[in-house]
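Look for subunit A in each of the two complexes below; its partner is subunit B in the first and subunit C in the second.
This part shows the complex of A and B:
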């Protein structure tokens, strides 16, 4: 089954929730990536048929399903909140779509147990949803969606309300589950790391538009624009305005960088250079260009330290391996790897991107 | 702590005093009632209750009242459930105004609607029927029921409705199988309020009936006769009037607590 969107848009009471979207989604996993309010949920509700598009058509396997009510489509939907039927047991929750299809008792029983064991909730089948933990409730919701064997499976930030450990675990399990299905699976998330872990292909969304679509790794390495680079980078890509004249980039701090490699072809003019936090360093790296800056904040997360630095014309985040202490306002030197620089034009389109091959 | 318990005791004494007096009187003979103050019946008698429960002109009053009260509760709930669902789930032109207008029906005293109802029912031949009283009470109970139920329904996430549609439920199937069980506390509370209003309402019930659907409250006026008041009988009728209300409260007491906690009652 394939899902085709032809210029679907949605306007509610004069405010635009979604600009026209065109996409052809083949069976497999597709990640919708975008910050909160980017229109991910709006788009998924249109795909499912829960809302009607203001314009455009939706085709399933070439058939127009735009006006078909959701209950006649082959769709399953998992919400960010844990949505189950509170008055039905876990077993009945998972069985409900199967019962409505009129399957016979034995087949339903087998299918429910099979799906429940995939999601490790087979020992909870007699309980009510309210008696489960959040993670188990969401597993129940996912199990109900999987049991139905729908041709279009939509998951709207399904793991966002779960704790960190559980999220990592479920993410890996889900990826394995999706790989075995011939359905179109749409998975939305706000986290670039989650998109990269899930793999498949990605649609990057921002302010009601689909900015870029393609295989996840490719979009990550070759963002088409500054906006995509910012959305698909955690922490957001560090940006700085530079002047390029005669093959040299002039940074506001007086750093002059001779342009070579992928940046060598840049014409003279104003650019915004971008670089990911993990390609910056505070410890001296011989041969690399550097900038003076001051520490604003050091944020320790797990085994990494995110150091927010400020200098005239830039607010950057440097990702350092290991736990490091930094005093507020402490002067530091930021080393940057010029082979990892992105160059964006004044219109936000990418002009030069680093060649792939040396990791993220 | 001590002052509070004293205050509570005093409060309960005042609250229970009239009920105690009523029960006390219903167990006495008329001579004893009229002869002076006694805190307990000297010769307790169930004769008053016996009269009421054996004389059809008495007990039919209860039967009539119960018939129109139950009719009213059933009609109010079955009309208010879909209406409340619409108010809680859909946005349509004037929804907020209609919702408010519903409540304004409760703002006028029942006496205002007495004459129109009387005339209308005479013209339609509904006068002195149970359904006449039940419908008249709907004017007050349906808005209240919609108001209470809407509060409970809005507490159920809309995503549950959508999940049901995605699963393939039709609307009626979803409404009965999934939705109603989720708001059963609200339905209990609503039924209680409809029941109580209809049970205690006297003016409309008395005016719109003559003999066939005569409610108990107007039967009670029968005890005034040329021979004087039959105090004991009247008191016994009063005691029996409290019983259905007390029973209903007993059954919905848990739902009531939940309903008050949800803040729409």
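This part shows the complex of A and C:
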């Protein structure tokens, strides 16, 4: 089945939750990526039919389902909280949507066991949700959604309440599960990394709008605007105002960069250049242009160090491999790879993007 | 590090000892003293063993009061708990209507117990009470001062009026604590309202229901003020519940020995039944912690 959104919007009491959205969603995985409050949940609720859109139409396989109540649609929903029936066993929880559809006993039994084994909870079928760990509870909720075999499966930040390890594990499993299904799967997340690992296609959302949609890797490498680049980078893309005259970009720190390659055809004028944290370096790299800056904060996360640096006109984050100690206020030299620079115009639209094929 | 012996620590627990002793242990032991002795004065007292217990346990008046008490508490729980749940479910979830409903619900709880008794004593009177007069005007003979059934009905209706709001407020709080996502998930599953109640609302309310049942059981089992004001235990002994019976023995007849024995039996019954309720309800149905 396919899901088509025609200008659906939602306004609640004068405040706009969602600006008109147009999209055609084919079977497969679609990631909704955006910060908290971007309208991901609002959009998913409209898709499910839990809320009615203030404007626009929703079509399933070309049929208008805008006014059809949720219980008559083929929808399954997984929430960020672990939602299971508290007084029913795991088995009964997974079976509940099947029972309500009036399926026969043997078929239910088979289906529940099949889905439970996919999610590795087949040994927990007799337990009550409260007797499970968080990860197992969410597995149960996902199993309940999968058991239904709905044509539209919505997962609203399903892994956000799980710890890091479990999240990685489930993410990989889920991706494999979704690949085998003929349903439209919508998966929302605030994390760019999650969107990238899940693959499929992505809809980048910000402040109630869908900013860009397309295959995930393509959107990541070719963000259409500064806003998309910021949302789809973690840490957010580093930006700086530059002045381009006669094929040279003037950075605030007195750095003058002759423009070549993909930046070569930029016309004279004011731009904002963007570069991801991972294409900046603090260790000398021969031949690369550099800027002086001071360390504001060094944040060690796992086996990487995120160094927040400040200089007049820029506040950047540099991603370094390995664990590095940096003193506050320590002067550093930031090296940047000009082949990884994005150029955005004053309107925020992208003017030049690096060619693909050399990693993120 | 060496352990330091320090007797000053006793001073830290002393206040608790004193408070518990004065508030619980000493009064209770006084009752125990009276239950096993015949006391005329501090110097003049005789050990009677279980004699008081034997005599009160053989007393028909106590049997009657005990049976009435059990029937009363049972009827109260049977009416107030389901009614409380139903009212809580029917109450608006938000907005000014919710505030209004909450205030109206809380009103009976704010009235002193003897005033509640007085209100109903007057309201239900067949001659000058609006309620009693109206029932009679409808052709139903009703007089709680002469008819035992009418007296029971009056006391039960009064208690339901007075205490169902407590159950409602507890259940309402429990219901509001259920995340909206549960209802959405049920809607997506296509669950019927009954299934939503049975598998989401009821299990999620279990904690507050346990408190409601315990409170209503203990309170109704100890009811004294309202029936004392309305019927004084009559007509005859029809509404003489345990505490009214106890007061009659202790204050009316000054039989302190038997009264102390009844007090202990009374206390043990409440303790045992509360313990049973608690255990049954915490184990019932779901493994969710209350």
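We take it that the second predicted complex is superposed on the first by the 360 of 360 C-alpha atoms of A that agree within 3 Å, B and C clash if a C-alpha of one lies under 4 Å from a C-alpha of the other, contacts with A are read in each partner's own complex, and residues count from 1 in each chain.
In this section, contacts are C-beta pairs under 8 Å (C-beta built on N, C-alpha and C of every residue); 3 or more make two chains touch, one makes a residue touch a chain.
These numbers come from a predicted model, not from an experiment.
When both complexes are superposed on subunit A, subunit B and subunit C occupy overlapping space and clash.
Of the two partner chains placed by superposition, subunit B and subunit C are both touched by A:48. By the touch criterion defined above, A:323 reaches neither subunit B nor subunit C.
When the two complexes are overlaid on their common chain A, residue A:131 makes contact with subunit C while staying clear of subunit B. Legend: residue contacts after superposition of the two complexes on their common chain; A:70 is shown touching both subunit B and subunit C. In the superposition on chain A, A:100 makes contact with both subunit B and subunit C. In the superposition on chain A, subunit A positions 48, 50, 70-71, 75-77, 79, 81, 83, 85-88, 96-97, 100-101, 144, 148 are in contact with subunit B in one complex as well as with subunit C in the other. Listed in rising order, the residues of subunit A touching subunit B in the complex are 48, 50, 69-71, 75-77, 79, 81, 83-88, 96-97, 100-101, 144, 148. In the complex of the two chains, the subunit B residues touching subunit A come out as 157, 159-160, 162-170, 178, 181-182.
The touching residues of subunit C, when paired with subunit A in their complex, are 179, 181-182, 184-185, 187-191, 195, 198-200, 202-204, 285-289.
On the side of subunit A, the complex with subunit C involves touching residues 48, 50, 70-71, 75-77, 79, 81, 83, 85-88, 96-97, 100-101, 127-131, 144, 148.
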